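You will see chain A twice below: alongside chain B first, and alongside chain C after that.
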Partner chain A sequence: MVVDAGFIAIGAGIAVGLAGIGAGMGEQAIGAAAVGAMAEDEKFFGKGLLMTVIPESIAIFGLVVALILLFVFGAE
Partner chain B sequence: MLKPTAMTKVVIAGTKDALEPTISVLHKLNVLHITDYIEENADFKIGRPLKSASKHSEHLLSLRTIASQLKVDEKEPSSKQSAQQLPSQIDEKIVNIHKEVSVRTDELRNLEFKVKEKKDLLTAVKPFTGLPLSLELYHGYETIKVYTGFITNDIEKKVSGITGNYEFFTGEHEKRKIFALFIPKIFEEQVQKLFQEEHSYVELKVPDLMGDPAVLLDELTKDIYALKEKETNIQSELEGLNKEYSEFILAADEYLSMETQKAEVPLRFATSANAFIIDGWVPTKKFEALGSELEKSSKGLIQLIKLEEEVKDEERPIELDNPALAKPFELLVETFAIPKYKEIDPALFLFFTYPLFYAIMLGDIGYGIIVTGMALVIRNKFKTGALNGLGMILLLSGMLSILLGVVYGEFFGFPVFNIEHEAGILGAGPAIGGLQLPVHRLGSVQQMLVVTLIIGILHILTGLILGFRNKVVEHDIKHAIYAKGSWIMILLGGVAAIAKLMPSMMSRNGVPSGDPIFIAGVILALAGIVLLIKGEGFISILEIPTILSNVLSYSRILAIGLSSAGIALAVNTLSMNLFIAPDHVWLGGGIVLALIGVVILFIGHLINLLLGILGPGLHSLRLQYVEFFTKFYEGGGMKYAPFGYNRKYTEE
Partner chain C sequence: MGVSNNIKYAYIVARVRAMKSKLIPREMYPKFMNMDIPEITRYIEESGYKKDVDELGKKYRGTDLIEHALNQNLALTYRKLIEVSQDEANYLITEYLRSWDIWNIKTILRGKFSGASEDEILEDIVSGGQLRYRDISEIVKIGTIEGVIASFAKTPYYKALEGYSGDLARIENALDLLYYSNLINAVTSTGNKLFLKFLKTEIDLKNLKMLFRMKRAGMERDEIIKLLIPGGMELKENDFVRLASLSMSDFVRALEEYSYWNAISDISGELSSLRDIEMRLDKYGLTYASRISYYYPLSILPILDYILSKKIEVDNVRIIVRGKETSLPDDIIKAHLVM
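Up next is the complex of A and B:
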């Protein structure tokens, strides 16, 4: 049904969007701290980068949920 | 491969008169990792630097001062200087260059000071060009007080309220009203009060100069120009000196660094009144060579002894040992941590998986060619060092991206082979080994998702198996089963269970409780959880969901790829359909629109390319560091740093 498809699309959008915001909120503090650490000692680049990207798993989860919504439930 | 180079613990002992030749031999061979001597006792003290140390470090200091004044940068040498000739000319040449450089830098500083002085005067004089008075007229009065400044309100009216005996001039400077007021000193107090209440008043100091401000301004500008010209001349002279001497400076720096290193190394030895002892590590393969070289140079005065017992693994310096192609990936391993002696060195695994992940994400013939080209340029420019290694990593990743680009049938986002609604550049795709090309990414998200998750499961499984092996070596098999075997069971059991559960739930059939694979999976996973709790405590139950998030994390391989392909598609659609060929007619909207389309196409792909290098690079690395390394890799080893020097600017 068209209405169902619409709801699924909205749900997918919300999943990606909110997950993205969450990941962003997580990364902002870590990113700031990582830049600070790097200003002290450039050797922290590798570790800082690593720490900074850790929260963005959350965004990936959002994406996975969205994909499942779209392609699994959307296909029915 | 997989394991660091084998190291042998050695002790070198000899009489003090053999100290210098020993240092020379060790430095030349560049194989001995010296263990610093720290515990002094009654018989053995920490050694003293050789006599030449202070002379060499003084030279090095003045050389580095010169280098920073001349702004000498490290670069690839055009020719190597002979280390034999350098020492004889070094003293004299450094003194001469120092003289030449310091004369000019002093002059330059002097000029800079003068320019600043003149510029200050210039800014002070400038406003007074707005008034019709010569500068000497503003001062030198006994009975008259002079006020000058910027003001917006009409102050003259208020002044005339105090007295009629005054002179008032106004003018304009840069759209601000400037004034000069000459008034007898007897009214000073009243006028002062007036200005204090006037908020728009900004006082201007009259510079202590004579003459027409406009003429002065002109003169000052000319002076500054002349000074600047002198500055430029001196700077170009310094650049000339840089060109002339930079090769010598770099070579001398290298020579002196090496000599200082040699002269100061006794600080790491144990010495008694007449003898010295050096503790250290040598790669086992090079032990014989070291022995024979020492023997040759000292005529038997030095003893090299192999220490076999009491060797602690954490003392062993680590030199990673990998085939040439996998060597650059050691850089990524070392950025994370140096492995411990008994740990698996993961560089070889990175060699296989890093470029693969990168390529699955980027996967575009066009982008792949550009990345490969960039890698070749980097490798050509930097023959050694970390950037050369990164170039190699990028090269492998780029080439593999081209290959995956063929599989996906993408060239800058344009379809190479026919896809569902669109004709490809080369028509219908071929079928290779049963795989019908292209595998259109945007059209087969579901299948790709499954593939990436399988990659993730295999990658994590590899990590866990390596972890199992590390635990067996570090502790024993029981420990390994508790710590890693349990996770392997949870992973495999969980995968089997979920693989059966998901489709069944989707088709509304409920839990497939009759399916033997599902039941086996659940039992395996539960057994794993029991083992885990038994081995690591109840708190470890909190960690179980991380295995799920680790596996799901590999879906980024698909996600990054999709976003890259999506951006490319969007750019292409926008530029082609709207501007270059609207309604499938080339230049249908006229030449101007077509040009806009070309600009969008170019900028869009440039941005996507930058993202395409950064995104896959970082995310591929992240999967290694966060998902893979955490399963087995602890690190914490000490890097093998042999006593010696890798010559770049000099040769023997």
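Up next is the complex of A and C:
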């Protein structure tokens, strides 16, 4: 039904959106700290980058949930 | 402390931690004992003081070069902390580092009082506070103490300086009291309880050192109370009255009630040198700052810990170099180091 498909799309949007906001909040402090450490010593670039992208996994979880919603439940 | 405050501190704390990792390691100080002054100069040149040593190398030699390089580096490091911090951290660091303004004013006044030359006074200047080196070097050129005091008329320190009548100790005490009361007000206005706790402990340690010195000098109770700084953590004003009226041996025994006793409990009964106690209290302050900075990693405390550690590094190198210059035995130099 069109209404169900609409709800699924909204759900997928919320999953990606909230996960993105969460990841952003996590990365905010880590990114600031990584830039601070890098400003003193360029050798921290690799470690800083790695640490900064760790919260990105939360966004990927959100994306996975959205894809499940769209392609598993949306296809029914 | 809110999430946004944590984020604000993340940048400066990470930066300060990286700066702290570049400080001279503790195990290097005993090795300095076996080096001569040119070797020490070479080592500090390779460990973060390169720019300062190169810059001042044309003007100074030997221990004077090290002394000036250390002072310049300390001032520039503190200024950098003010420049790279923002909001609350910037305000608190600026207020805390005003202690260097107090130091510089005292140095100029003492220099003028004892008739020291301009170069001799400038040797001890560390422009880590709000007074710029250029302005200070202009003030140093003024011949009289009254003239020097008048030149500070537009600064917040003038309140403590006005009414000078030949008693330098009174002015120095008034400067300390003004600094700490302003700092307590500034910290209270931000509501930063961690800084307040750190500051109160620092005041206690300063008061303890003063109590030891004044007791040793045999000063009167009322005189002692007048010179102590109110606002400490454990040593309140009623403690001042009690401790100031005790004899030296009773005073040492009375200190057992305070947590600072652990730092000085191993001193021998006969107090031959106060330096031993002062060194232990300095070490306590350093360890305390380092410990609480790990408890609260995203706060002002790691920055304060760095400020203290950097100061102690500079002091230690200076003690070693000056000690070696005057051929002091190694064990005496070691006894003066805070490690």
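One rule holds in what follows: the second predicted complex is superposed on the first by the 76 of 76 C-alpha atoms of A that agree within 3 Å, B and C clash if a C-alpha of one lies under 4 Å from a C-alpha of the other, contacts with A are read in each partner's own complex, and residues count from 1 in each chain.
In this section, contacts are C-beta pairs under 8 Å (C-beta built on N, C-alpha and C of every residue); 3 or more make two chains touch, one makes a residue touch a chain.
Quick caveat, the model's predicted, so the values are computed rather than measured.
Enquirer: Both complexes share chain A, so when I overlay them there, do chain B and chain C fit or clash?
Expert: fit
Enquirer: Contacts for A:L63 in the overlay, against chain B (first) and chain C (second): which applies, first, second, both or neither?
Expert: After superposition on chain A, A:L63 lies in contact with chain B alone.
Enquirer: Using the superposition on chain A described above, determine whether A:A34 touches chain B (first), chain C (second), both, or neither.
Expert: Once the two structures are laid over each other on A, A:A34 reaches chain C alone.
Enquirer: Classify the contacts of A:I54 with the two partner chains as first (chain B alone), second (chain C alone), both, or neither.
Expert: After superposition on chain A, A:I54 lies in contact with chain B alone.
Enquirer: Applying the touch criterion given at the start, work out whether A:F71 contacts chain B, chain C, both or neither, answering first, second, both or neither.
Expert: first
Enquirer: Output check: A:F44 vs chain B and chain C. Expected answer is one of first, second, both, neither. What do you get?
Expert: A:F44 sits against chain C, while chain B stays out of touch.
Enquirer: In the overlaid three-chain picture, find the nearest pair of C-alpha atoms across chain B and chain C and give that distance in Å.
Expert: Scanning every C-alpha pair, the shortest chain B to chain C distance is 10 Å.
Enquirer: Please report the chain A residues shared by its interface with chain B and its interface with chain C.
Expert: none
Enquirer: So in the complex, which bits of chain B are touching chain A?
Expert: My answer: residues 335-336, 445-446, 449, 506, 549, 552-553, 555-556, 559, 618-619, 622, 625-626.
Enquirer: Tell me, which parts of chain A touch chain C in their complex?
Expert: By the definition above, chain A touches chain C via 25, 28-30, 32-37, 39-41, 44.
Enquirer: Flag every residue of chain C that touches chain A in the complex, lowest number first.
Expert: Result: residues 3, 6-7, 10-15, 17-19, 21-22, 84, 298 of chain C touch chain A.
Enquirer: Help me check something: in the complex, which residues belonging to chain A touch chain B?
Expert: 46, 49-50, 53-54, 57, 60-61, 63-64, 67, 71-72
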